[in-house]
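Below you will find the structure I want to go over with you.
All chains are identified by letter, namely A, B, C, D, E and F, in their written order; residue positions are counted from 1 within each chain.
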Amino acid sequence: MNIKKSIYWSVIMVLLLLSVPAMAADTPKVDSGDTAWVLASAALVMIMTPALGLFYGGMVRKKNALSTIMFSFAILALIGVQWVLYGYSLAFGPDVWHIIGNLNWLGLNGVGQTPNTDYAATIPALAYMIFQAMFAIITVALISGAFVERIKFKAFMVFSLLWATLVYDPIAHWVWGTGGWLRNMGALDFAGGTVVHISSGVSALAIAFVIGQRKGFGKHAMEPHNIPMVILGAALLWFGWFGFNGGSAVASNGLASSAFVVTNTAAAAAALTWILLSSYHKRPSVLGAATGGVVGLVAITPASGFVTPMAAIVIGAVGAIISYYAMLFRGKQNVDDSLDVWACHGLGGTWGAIATGLFATTLVNSAGANGLFYGNPGQLVTQLIAVGVTWIYAFVMTVILAKIIDATIGLRVEDEEESVGLDISQHAEKAYA
Amino acid sequence: MNIKKSIYWSVIMVLLLLSVPAMAADTPKVDSGDTAWVLASAALVMIMTPALGLFYGGMVRKKNALSTIMFSFAILALIGVQWVLYGYSLAFGPDVWHIIGNLNWLGLNGVGQTPNTDYAATIPALAYMIFQAMFAIITVALISGAFVERIKFKAFMVFSLLWATLVYDPIAHWVWGTGGWLRNMGALDFAGGTVVHISSGVSALAIAFVIGQRKGFGKHAMEPHNIPMVILGAALLWFGWFGFNGGSAVASNGLASSAFVVTNTAAAAAALTWILLSSYHKRPSVLGAATGGVVGLVAITPASGFVTPMAAIVIGAVGAIISYYAMLFRGKQNVDDSLDVWACHGLGGTWGAIATGLFATTLVNSAGANGLFYGNPGQLVTQLIAVGVTWIYAFVMTVILAKIIDATIGLRVEDEEESVGLDISQHAEKAYA
Amino acid sequence: MNIKKSIYWSVIMVLLLLSVPAMAADTPKVDSGDTAWVLASAALVMIMTPALGLFYGGMVRKKNALSTIMFSFAILALIGVQWVLYGYSLAFGPDVWHIIGNLNWLGLNGVGQTPNTDYAATIPALAYMIFQAMFAIITVALISGAFVERIKFKAFMVFSLLWATLVYDPIAHWVWGTGGWLRNMGALDFAGGTVVHISSGVSALAIAFVIGQRKGFGKHAMEPHNIPMVILGAALLWFGWFGFNGGSAVASNGLASSAFVVTNTAAAAAALTWILLSSYHKRPSVLGAATGGVVGLVAITPASGFVTPMAAIVIGAVGAIISYYAMLFRGKQNVDDSLDVWACHGLGGTWGAIATGLFATTLVNSAGANGLFYGNPGQLVTQLIAVGVTWIYAFVMTVILAKIIDATIGLRVEDEEESVGLDISQHAEKAYA
Amino acid sequence: MKKIEAIIRPEDLDRVRISLQEKGLVGMTVQEVQGRGRQKGVCLQWRAGEYCIEFLPKIKVEMILDDNDVETAIEQIIKVARTGKNGDGKIFIFPVENVVRVSSGERGKEAI
Amino acid sequence: MKKIEAIIRPEDLDRVRISLQEKGLVGMTVQEVQGRGRQKGVCLQWRAGEYCIEFLPKIKVEMILDDNDVETAIEQIIKVARTGKNGDGKIFIFPVENVVRVSSGERGKEAI
Amino acid sequence: MKKIEAIIRPEDLDRVRISLQEKGLVGMTVQEVQGRGRQKGVCLQWRAGEYCIEFLPKIKVEMILDDNDVETAIEQIIKVARTGKNGDGKIFIFPVENVVRVSSGERGKEAI
């Protein structure tokens, strides 16, 4: 009796005691380690955008070096403001018909220092927001590889703002936003194969069609003016990509570590593959190694939270092969997607999204799904749908936007301005004295 | 009775159990997440100093490129040692008359692996110390923009050591040290508007007066020799600034995230504003975008732990406008503060400190205070006092130090050495072969 | 009675309650803060390898700039794959006879998201693995300073793969692997004085002997083509080194902070010492400051988890003096270890390993040991043995490998290829247009 | 034999080269130079405000030609590089005493 | 018409340009060169120790002038660039056969 | 007095300089140029595939010489730079009217 009572009361006291953390679990609690990793990751992703500017800038002619670097830097400014004002709300705000966020979070209204458990239960909502900001920024900047050396700076800024708003924000909502229809369908995209790479890569192709070739394209050599700058850019991209993929776990745990590992592995495998391909065709290429590394990073991005390191080697290597031959192919066409955004990001992202449908395994991420090779062909179908939808939407919307801008303020600089170079003609500056 | 007893004992047992963490709370405990973030932040702030070297180095003529980069790199070495030997003790050591730390912590004596709860309750005292070291380093390096292309290297080193000891260490103590008089007064300076930016920016103006103009100033064009290098520097500064401001929360939490967000937002808004200003006056400037970004980072620094993202947009944009016109003004005067440290950091910091008095809100930081716009005009007054005191102290002390050095070892190189360039004349080296 | 019973049951309940975390402690638990710091550190160490490429690349002639940068970048790819496939298993896998790991962990089999308590109890095994991967990568890349401007790219790749497998992986096992014989002996090497720096530095000397001097060595000046690039590389190395040493605590705690602090302090002291040495002999050197910083980082590496900041100043300064005069000495010999890997890393690492035997104190790290100055001469002996063994093994193995490669595919390019430069002859690329 | 030095706009180099090649004039040496003449310098932007530089980037094309080819070369260059505006550039003609081909030791016209 | 090529110290360029402009001599082409002559090379620092280079950076100023202007130009250059020490530089004078202005097709003196 | 302009391979510069110095010919001005002649351009790699450039990096060595030294200089250059293959380069000889040394004002042969 007494015993029973003692037990009874002890249990009650213990439950009471336990209820404190239980209650605490109701109000989501910020984990300092997870927050540290996501903030560090946001910083890492931020540096990727100027790094992209260097990566691209080193590949153009000297007279357009600054202009090319500026595309990325200006996007950091432009989308840095757009995202905070309304971009985040459109992409991640409360769902409207599964296609877009509403404007409740305008000006980050209600995005505060406590977690939003819809997206990340253990980090401040602001941390998640700024991590996502960096994704929006770099995606818009990626496109600039398509129209370097000939676009009007003003047209570039207008295009970028519209594209971010009408292409990126919706796609991000579909795939990542709570209630987004592709997310609901079960499409897997850990860190942005569709949202970031297909959207930008396919749009690059589209705008390359509209703006047309550079003067002298296919006739005169267009020498990369500073390959060490390209390598520096690639290295910083690789470095930042650990935040891009690793941070997409929005926690500092085994999954983040796994994503980090496959990221490095795929990049290494792809760079190595590109070195071998270029050796086979001519010589082991330095520019090629850098390009290969980036392509491997692209390819692993959507899969990075779902696959094993051995799969990462395959994903990286195959990604490199696809992009390599796609570049050769594109070079022979009349399309001047000057820095091969389509071949690198469009196709790299497409392959990565498909590979996710092949190699994903719940052994790596129990919150994910199995792919074809783990007995779930349905996932591949879902991935293909997500890929197809993103291709079509991005391509069509970009053509429309580009045509409208071309018809109004004009996309392209004057011939003489192009000859002189955009640094002088658009910015009244020279890269080097 | 029995019930009561059971309850009684259960409660006691439970309290006993709970008392373990309670006691643990008395001895401050290191939080691994907070420590991770502060260490990462210290690394981020460290890279800012060589980044500053590149930022400045790209803006000078080729013959002074190395010399300019060296200013920052040498300070990393010099103050890296000074801080550990006695600088930290002077700035943060036990208070003497509210104006300086004593020398108890000489050689980091007593600065150990457990937290110093005066400064940061959840990270090792050594982590706080090294985070602060990076602030001392970059502040001294910032001044170098004023006297590039003409100072004797030796004079530079002596000046820097004296300035760190007699200007930086005291001001840091006043504002941040336990017992410091401005801190006691309630002056808010989250990450260094007064301590870092006003102190360096005003001192830059002062030493520019003493050392005089470069030969040919206002007569010949002095072309920036490598603007991509400037952009790289600015990008790394932006990147590192997340540690500068975000790390100043000395914890990995909502406040750190908020500081991170406003940092990016202000920088973006300022860069965008500068692009627009330069478009209005001539063309959208690349050098201007980089400069604007840095100015936005400066302006938000003191406010970063106290204001909302929307306030950050205003702070960044207004900061850019102030610095832009201040540069135009300075350029027309006879003062050769060559890389506009005063216009960027002196005025940016001043505006930021004042803006803190306007926009600060305890909604963002309950440990802070409200500013004018949140009903507390007194805070603005406090801020103005802190600003005024820092201006006067930094200016007067720097004039005195510079004059003494000029009268003894001489501040300035010979005319011929200046013509040939400091790389050859001071370092017997050439930047590029 | 009742009281006793109540106590009795309460205690049982409480123990039951406690047993949950107790049991949890048996299955090692990932700490988010420790993981955040180790992942961030892995990213920091990763950037060191391309940084090394820039550091080395700026010091060679323009015609070999890309080739030199490529050495590091290609290693990132090559060893990034090797490590995952079998390198990690050889170095850290289950011990075989205290000299090598077995192949159980081939393809990272069994290296998962939970901790391996043998190496790091609070972070995922994958995080530890990738952190270590970055060490293997940079070590192999370090050697490349010895044979720049004349090695065949293919020979370089083959050599690097063999060296990683037959030299690095075993030494890493001896010193760091569970069961490794030097570890069992009590040799202290916190972050790689023997494993990383002696092994690479001594091997550099060995391969320099085998490959022979560059054409014109000692006759024509071989101007560093881009010193700002060297400084950028050194700055990123310094930045990354915080992860190298700080991350070697494999936790985010007081020890990590201490390692971080001594790292910065030794680098600063060494850079300052080199500035003074060069001033004494000629002028304060910029290239020298960068070199000094790196040498200080090398010297503190093995000691970084065991010594105080004051010891770090001595270790850095003495390291700089040793390397400075070793370079002067080497320059006068007929050995063309072109970028002085032996003087910087071989001797810096040797001095650091010995200094660990002098300055180590359990006050800093209770899991370490005391050195001579703290009353334990035995530690110095152990350190000397570890140093000696590493010297001999690395030297002999490298000579053998280099000779075999030379006899088969040939180590060195044709004279004409060397004259034209490796960028064109090996890679069909030009660094700058 | 004559030497012509043509100072042209950098963006015209590719087209000048091709137009000369069409006439069989292949050998040439080019370099980047800074020029000033009737064409004014250019004002570039500083961080705020601007600064003006006195020299503009130009390309100097040097060709040693047989006397008969001089007029052809001049025509071809003018055809491509003329816009009629200041800064189109100049062609200078100089006497040459001899030419030696290093690889063969040939001298004179054969060596061009 | 003559061509003068003046090899000067890089730091003198601005002042040389201005002093020539004062006499109405505006047209010129300049380039960075490496020179060696009586002035010895310079020893620069390596990481430890030093290495010596044989060539020093110089500026070459080329002007095509009317015969009457040659002496003026020489005077002006000497006025500014002379320090009396080795390395002040040299002025070479060459014959010119003709000048063509690309924009107008003018030849001879008018085209300068 | 003559001026010789030798276009050589960049990798030969050090040896050319030394071989001229052996004969007491020290004064010279060199610059990096891009050349094209019988030697074809080179095809470099793009990220995938390749592109071909028409110009190759060369070094131009300019020397003003006393008439007597011209043949010596030519010989020395040929000795070092000849491989017998295309691209060995050319030496052009031009007349010089006068030389002025800036530091002393000396003219003519003394000034070389």
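Convention: contacts are C-beta pairs under 8 Å (C-beta built on N, C-alpha and C of every residue); 3 or more make two chains touch, one makes a residue touch a chain.
Given the structure is predicted, the values throughout are model-derived calculations rather than measurements.
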Neighbouring chains shared between subunit A and subunit C, ordered by label: B, F
Smallest number of contact steps required from subunit A to reach subunit D: 1
Pair joined by the larger number of C-beta contacts - B-E, B-D: B-D
For subunit B paired with subunit F, centre-to-centre distance based on mean C-alpha positions, whole Å: 53
Subunit B and subunit C, separation of their C-alpha mean positions in angstrom: 32
Per-residue overlap in subunit E, given as positions that touch at least 2 other chains: 31, 44-45, 50, 54, 94-95
Two or more partner chains touched - positions in subunit B: 2, 6, 10, 13-14, 17, 31-34, 36-37, 40, 223-224, 226, 232, 252, 282-283, 285, 287, 427-430
Pairs of chains satisfying the touch condition: A-B, A-C, A-D, A-F, B-C, B-D, B-E, C-E, C-F, D-E, D-F, E-F
In the complex with subunit F, residue positions of subunit D that touch it: 3, 17, 26-31, 64, 94-105, 111-112
Residues of subunit D touching subunit B in the complex: 44-54
Touching residues on subunit C, where the partner in the complex is subunit F: 63, 216, 219-220, 419-421, 424, 427-430
Touch list for subunit C against partner subunit A, complex: 2, 5-6, 8-10, 12-14, 17, 30-37, 39-40, 42-43, 46-47, 50-51, 53-54, 57, 65-67, 69-70, 73-74, 76-81, 84, 107-108, 112-114, 123-124, 126-127, 129-130, 133, 153-154, 226, 229, 232, 252, 423, 426-433
Residues of subunit A touching subunit C in the complex: 2-3, 6-7, 9-11, 13-14, 17-18, 31-34, 36-37, 40, 44, 61-62, 122, 223-228, 231-232, 234-236, 238-239, 242-243, 246, 251-258, 260-261, 264-265, 267-269, 271-272, 275, 282-287, 289-290, 292-293, 308-310, 313
